[in-house]
């Protein structure tokens, strides 16, 4: 970290500042230029409150040189991490597709969808049992019963399951879940992240709607700081002024996150756009931009046959998409 | 809710759609215009999944006519709500100032600040015991010890205390807290909101960094749907592209939220701007725009005397501000 | 357009409203439902001031059913438009790469880059002669001299040239330019758009930093309303809260714009990210998502050999990228 | 400006970099720390392309210490600027209200509104003759005829007029206009700004929808660099994700712009919110936050009596507002 001081600072204040920094265990390297005095800090600055230092009245400017994340940082771990999800490996040259319905609705539904998506080549089954809904009056999921049905579907198909947790107190219920998802709205629910850091299950961490990539990696860091390195990042659209799509899928996050971190990155085009016909072009783009996988909503409910538009694909559409995605994954020299 | 159908829809599909809507307990009023067929829905549409209906392939457009929030809606409760915070009333013609340090650091610190802010006219004491921090390596607060110190300060000064909860499991620890704060990052931690809906304590709910006013009111609705009507809304800046201020304080939210809802609205200029000298002008604007109170960070730590800039005011600055705010509150015909 | 009236509107006000609408040449179709009265408008509503109608005090809600753009609308022109840029065709199954330096600096520079990018497969040459710069003190381009140098480079290589106009008074200078670019900052410089509508040259219209896709198409409509249908849309990143990239490239705009409009869409990954190493992954994604071309900055200035990072590729990097892009364009079944 | 170099840079590259910087007329002050080499630049760095320097491969980080604007910078001009608008002074302890209709529609209309707003205390008359409209099919203003009508209204009432320019070629038409407005969409129409820098008329410069305060001041700098120091800044809302208001009024811009610059700042609550009932609370807040004036839309068209809601106030509402604003301006110790 580099501190640039304001012009002609009081000597006593500079000394007090340096003393304060030394007390934080940091060595300082002061260089007095013609116009500005610069203090370079040597040591672990990750605990240092940047806000506070910036606020010291003789400080003009604070420049952080190293990223604030460590365990998630590629500099600390140059090779790609591969996350083992009950045998399904996510990362590096492997490409995985997580598919399934938005919500688990019934045994028949989840098992049928599970069979369908497996037949089309999905390797992980998603399905919501606890649903974060903007309205308290909307359907909130089948809860523990939903988890049981997911496990039924896993037994039938062998697909490891991915499902969202909303409450630290539910961790016991997730004992047999293969991958625990943290939703966008809970990306900075730090107590939940810390608790997940104590387990060793893979965590699929979704980027918050208005969170920067750095904050996203800091949330991964929360989990990893607890000792759980099994984190999969998931970009699912950020909130912008555009209204034609539900959110704006930030595909530039894939190469940037993979540059900054060794963790795998998957893309959820279903939630990002909220429009089923947009899933296909953005899934293709996700493969090309270097993502490690996709998360796609697939429904299979004859009662909803009317719905052709929403964000879910039906199994036939999903099957067509998967045939195309396989060709593309091979084109990239990856395995699926 | 009004559905506009696409031109020349298949008759059978229209019938299926109407049947589906009727099954949801809604009466339908169909009118066939020259160019478009329109279906008006009569009944409680708050449970209806708008996304799903929009996605029905014969539907061109869905227009919601009534707001999705009920308990928080001013239409249901035309008078302003007044929230009683252990005797300190927030709302309507009353104006309250919540002040105190970012974090509780020591008994000496919190008691001294509490005395100072009380002397200047603050009526509620804030102080963080559980701190949501972007980095897992940053100071996370004194936790239960911090709560104890806050209660000490309350005993000394009589000021009711406001402090943030981050975990549903900590509710017991908050038994003697007067007002429980839900931070911006937890605004859509729905499980936490539901749990707070079961208690009867006042909840200070902060707007999420990237949440619309409607989502904000829906989060209030989560608490109120559980039976706890004691919600105070707090605007604390939203995330925009601007970088000169930490966030962009949305003062237009005050009149809009008060139009849509009967709940009181307070403003937190300290967090919104992240800059202490901006607290004063924005606090003045908050009074003028019709806010019901302010939440202001005040530190009192001689060891940090170097820091004149950050987002906290020192007690002298706070005292000066309060003298001015009192004049302004009186000018508005309110009491403080 | 559908107007939903508030409950129990005054009869006289409804009549006045209908009269006003009829005076605008619109037929009205009134249907009185149990709870709401709905007025459907038949005729050309594109001139109707939606803001004003929304503000009529008996109007609850105005829903526009048809898009406000006509000439640019795919409904009016179902097949893809192909824009002929002095023999280079942009659109449909063809994929073009526009490449060249940010600014034209010297004859040697522009001719050398032109030869290099042509050799690598670029089919259009870009280069700025008039440069929109945030600071009045920054280099503003070579102006007319820059245009002359571009024409030299065209003579040498045969590549049609694309360059930005900033002032309606410069149109004469652009007489021999093949494609006139309108920059992001001028996307809503309506007087400039109108003037460009009078010529028949292809216009490369860049999306504004904070403009919605609808506004983008309305700006295309300004040009087309004047009779010039030769518009190429260019997505170059939108402004969001993210800071790791200069802007956020909105690749979902490609399928959405192509759904709404028949105009070709090209992607500028250089300006979107501001980082040269991100050009490659996003260029790949642009091909996969269905873009009709790319616009890429290439510099060739030995004096700047130090710069390996900025948004420009050097000729060797560009050549490597082009080899890969060609394979991808073929994979998509398009021609380059 | 401070450059921090990457660890262990090649000596030859450092030398080349320093040579390049010196060639730009900058002195350099190199200090080699334990971990990083730092280069301080001394001299005028406003012409230096920061992007390019950042991209030099041995450069880790570039920190600008001084703001890139000069003429607009308060450091260069510590006292508030007062802009004389044909006798009406804007800035410092004076508070002016600019009022009038969105568009000039007829002689009767503009003269009637002018008389009304003058009677209520407005000191400048606004009215659009050239209207920037998203749609080419919408009413674009009366153009030269509109300007003539404004001048009629000025003759009748003595109120100096403020009206928007959209085209450099119209400058002659604006010869008798008192204050020339640059709209939000043209804030970075640099050729227009340069042309306005050549005249000496006051320019009311509106902040672009998605422009930072720094970019806003740089656009003021464009005008001032030409020698015209008569710039009034106008904040009129920025584009965010919120949809309840048309834009989000950024009142924190007032103290920040006034800290950074000596130019006066006025607030346009009508355009910011797009909702007439919100004009009042936000106008009050604007006075309190320290703005130097307001710009308010007032219509006076009996034919539109139906419209009570849109962003314009009617003369009675405006008169009521002005009575209140006067009290507030006095409360602030300013004159109106």
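Just so it is clear, A, B, C and D label the chains in written order, and each chain counts residues from 1 on its own.
The criterion applied here is as follows: contacts are C-beta pairs under 8 Å (C-beta built on N, C-alpha and C of every residue); 3 or more make two chains touch, one makes a residue touch a chain.
Just so we're clear, the structure is a prediction, and the values are computed from it rather than from any experiment.
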| Taking each chain's centre as the mean of its CA atoms, which one is farthest from the centre of chain B? | C
| field | Approximate Å spacing (C-alpha centroids) for the pair chain C, chain D | value | 26
| task | With chain centres taken as the means of their Cα atoms, state the distance from chain A to chain C in Å. | result | 32
| note | Multi-partner residues in chain D (2 or more other chains touched) are 210, 239-241, 243
| task | Name the graph shape formed by the protein chains and their touching pairs; answer line, ring, star, complete or other. | result | complete
| request: Write out the stretch or stretches of chain D touching chain A in their complex. | output: 2, 4, 27, 29, 31, 33-36, 38, 40, 42, 60-61, 63, 65, 210, 239-241, 243
| Which of the residues in chain C end up touching chain D in this complex? | 13, 16-17, 20, 46-47, 49, 51-52, 54-58, 68, 132-140, 166-169, 185-186, 188-191, 193-194, 208-210, 215, 218, 221-222, 225, 239, 274, 276, 304, 306-311
| said: Applying the document's contact rule, which stretches of chain D touch chain B when the two form their complex? | reply: 210, 212-214, 238, 240-245, 248-252, 254-256, 259-260, 272-273, 277-278, 281-282, 284-290, 328, 331
